[in-house]
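You will see chain A twice below: alongside chain B first, and alongside chain C after that.
Let's turn to the complex of A and B:
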């Protein structure tokens, strides 16, 4: 499979990365090189093969459903580019 | 007085315990060495000398009262990927501008609990995506090694390039690193240092910036095998905060050193003998086989038939997981924000300015292979190929093989700004051809220096072990180290 410039722009939109026309053109070539490389996998027969989920067979860890941490609002927003009274601030999203 | 930075972790530990030196003296020696070297090497992206002296002082107090930890007073460098409380943590990316977490990663906390001293944060490829340290926002780290009669700057490998360079240049006693496709073992091989990627689940991933969650593992880079055993013992733990942390006690890895490899079965995989392989790498591999044979190990030819599919499968799994993990960098919670005309534009402008070219490339690939209609054809298929790769290893281990010997890298360190690799991203990816299978199967792998190229650059061998059998790797790597000797770069900086 290969991608065209329109697909590159659509994927960039999905990934929330702004790209210029020149960048899209370059990415198109680079992505096609990589997609061409992974095409080798088409020769592998994976029918009746389960996807790998873990290195050693382990049961999923569970813990008691209880509060173990919290009350750290100030710590959580400490690195925010913009915050106010422990809320993250973002540009207006509703009119 | 002898230069304290020349001491290995084991040697420094000995002198600290005997009170021949103080932790403050040792730390001051490293701070002075960093000041003299970092301008040339660019191995550290942030320095914490005050914190280091404070920690060293506390270590001296612990030695005085006789309750010193396993790494008490040992000065370490920390890869910028590990979250360190109130200290620069940016994964060498612009998008994490100014980020100083309010938490400490489990691995680094384990090290501080054992008394280690933090010198600073080490350079790396941005978000651990790269094999040369050239994708760092802070510019490339230089390899302390140069070819004979040459002053051309070489890469230290990547992504843990700063870690490997700092260890090789003696500007830390040891360093933390991480490995997703070869990011500990390839830079270790390029710098004449030892690097181990333990079994997936051995070191907690909690507090480490995520690249590809099903592949990422932390491990140490050190000057010799014993130091790697000492550091891994402290880094590894069972952690309730990481659900993939495996509930097994951490053994005393150092106790495995010096053990005999007599009667052990060492597998030599036919598929790692690639077409057009560098004859020097082939010769190094043959030499490693001869050393282990001389030490009494049995050498057996094995086959890992799905080897060639590991790298292409990796370039689906890793970008897919990265695209998901890196979705959190949006200009809202931390780091860089570039204003936009609305919130979506703000996200897009922030991510366009904050991520470098390689990171964008991988996010794009990952987003594409996970987009509607492609999941089964790409990600699911790649995860099934992983099962086949893992099965290859399980089969040879079931046949009695104790460990597998391979080259660590297809070549010695290459030049900064290599034109071939710049032109074709897949060329750079091929650096991981011998290491990536290990991540895909979740196995432990160690890179150990085994010789020098004809141009005088370090070359390494890799040993691959059974899940959670790091002890066999330390023991066997120790035999190679004994035979090969250790290698130190000539100081030019």
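Let's turn to the complex of A and C:
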């Protein structure tokens, strides 16, 4: 599997990263090197092996259903470039 | 994802006539049901609706750097309960994935959802469509493709400011169950019946409040049309329909729109559309299809969700009786399909009915609950939860009828008094002299009085025996409805000498 410049630009756009044409060319080479490495990994037959999701066998930690957080609206919007009455303000988006 | 399978046989009476022949409508639904829980799916902030802006938001919900999600075990249990209610396969291992897209009300830049390994697999929902002109209901089976857990997004408001949108993250991170049906519905009525049934099931289970006004339940509707016998056509998805009535309108409009395009020789673009309830039409959302490249991948912050059979069995053992089972039980107790459907429509109504019917005649209890109680509540604009008449009070009224203490007609008046003023029905009957007069002497006196006062009617009745009914009516009136109607009828007939 490999990517072309158009794919690089599309992926960048989906990730909202501004990438110039020159950068896209460079990234194309870098990404294809990574993908080439992944291709090598694909040569190993793991069809009978469960994917390893953690180095230690543990169950996912779960919470009990209790309200333990919240009521800090001012903190939540503190870093926002614009806010009003504890709402975030963003440039108008209407579908 | 499984390939789409056509499970239904084309039924002529569901086809839509077009200018160039008949069309078949195909509908599949994705219903988003907000999980009933105190706190959010991955954070400890409250799920309470209607709080101050951003009050129910933790740093996790606001996607501050370094915050990690920790799953709420109750949300998992609720999803499993719902799966069991849908008679579905419960997956003992499921995986959370990131669904990537950018929108101001999604601070993470991705939604934590489940993609290839959902918590619940295939199931079935039985719906009852009708009644038709003959009063019959048709049973239809709708397949469930899957149910998965995911985070809800925040809310944007666009009308607060000329150039800015306002974002409130209170809903951000609340647990949702996305329930995906198979493309098994063939009319808007079936789709409406399906959502109604789904709502009934989650409300019985207590896993979602089903409140469509507050957005606790909303549907994405997939609609396509085809010539009978052909493969599935290209579908359009109508997003975020938040009422069952609007959903019916949206489907009808969308079907006609697609048929018109196809009959003019055009083709359908697969796209996302919005329903405008004011205009009653659907319109294209202009967003590019590229925006729907979600690049799912397993969320590295979360381990797979795993549990054992014992966990599922424990939840199963605690499930309440579901609407289908309740309906069957009601039918077996001698109720009509109509009565059973009305009574099971809400768990609170069914519970009320069962309290009234306990130790009493089921049919009579059903009649009073449906016609009198629900009728009066409806008129007062109240729900069953706000009923001023308790099951005990209504039960007492039925007992008074059965004992012969009051007539059926007086019982209606008594019900009205209890509904409006409250109080013990037996005491009200006593205090207000509503007791049925069974004393033959008193009734006889009343009958004699009416006969004596109307000699010309007495003459007429000899020609027209049916006029005896008029005398019965007059006697009932003069006794304030308290005379036993059977006794009056007997006396009137014997005194007038008619059969």
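We adopt the following convention: the second predicted complex is superposed on the first by the 94 of 95 C-alpha atoms of A that agree within 3 Å, B and C clash if a C-alpha of one lies under 4 Å from a C-alpha of the other, contacts with A are read in each partner's own complex, and residues count from 1 in each chain.
Methods note: contacts are C-beta pairs under 8 Å (C-beta built on N, C-alpha and C of every residue); 3 or more make two chains touch, one makes a residue touch a chain.
Being a predicted model, the structure only gives us computed values, none of them experimental.
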Taking the superposition as given, does A:3 touch the first partner, chain B, the second, chain C, both, or neither? first
Chain B versus chain C as contact partner of A:63, first or second or both or neither: both
Comparing chain B and chain C in the superposed model, the one touching more of chain A is B
Does chain B (first) or chain C (second) touch A:82, or do both, or does neither? both
Tell me which partner A:25 touches in the superposition: chain B (first), chain C (second), both or neither. neither
What is the contact status of A:14 with respect to chain B (first) and chain C (second): first, second, both, or neither? both
Is A:91 contacted by the first partner chain B, the second partner chain C, both or neither? both
Does the superposition put A:55 against chain B (first), chain C (second), both, or neither? first
Common interface residues of chain A - those touching chain B in one complex and chain C in the other: 14-16, 53-54, 58, 60-61, 63, 72, 76, 82, 88, 90-93
Going by the contact rule at the top, pick out the chain A residues touching chain B in the complex. 1, 3, 7-8, 11-12, 14-19, 27, 30-31, 33-35, 37-41, 44, 46, 49-56, 58, 60-61, 63, 72, 75-76, 78-82, 88, 90-93
Of all residues in chain C, which touch chain A in the complex? 37-39, 43-46, 52-60, 62, 70-76, 100, 102-104, 156-158, 160-161, 163-169, 274, 285-287, 290, 293, 295, 298, 302-306
Can you name the residues of chain A that touch chain C in the complex? 10, 13-16, 53-54, 58-73, 76-77, 82, 84-95
Complex contact set, residues of chain B against chain A: 98-103, 199-201, 240, 243-244, 246-247, 306, 308-309, 311-313, 315-316, 323, 327, 330-337, 339-340, 342-349, 351-352, 355, 360-361, 363-365, 367-368, 371, 377-378, 380-388, 390, 424-426, 429, 441-443, 467-468
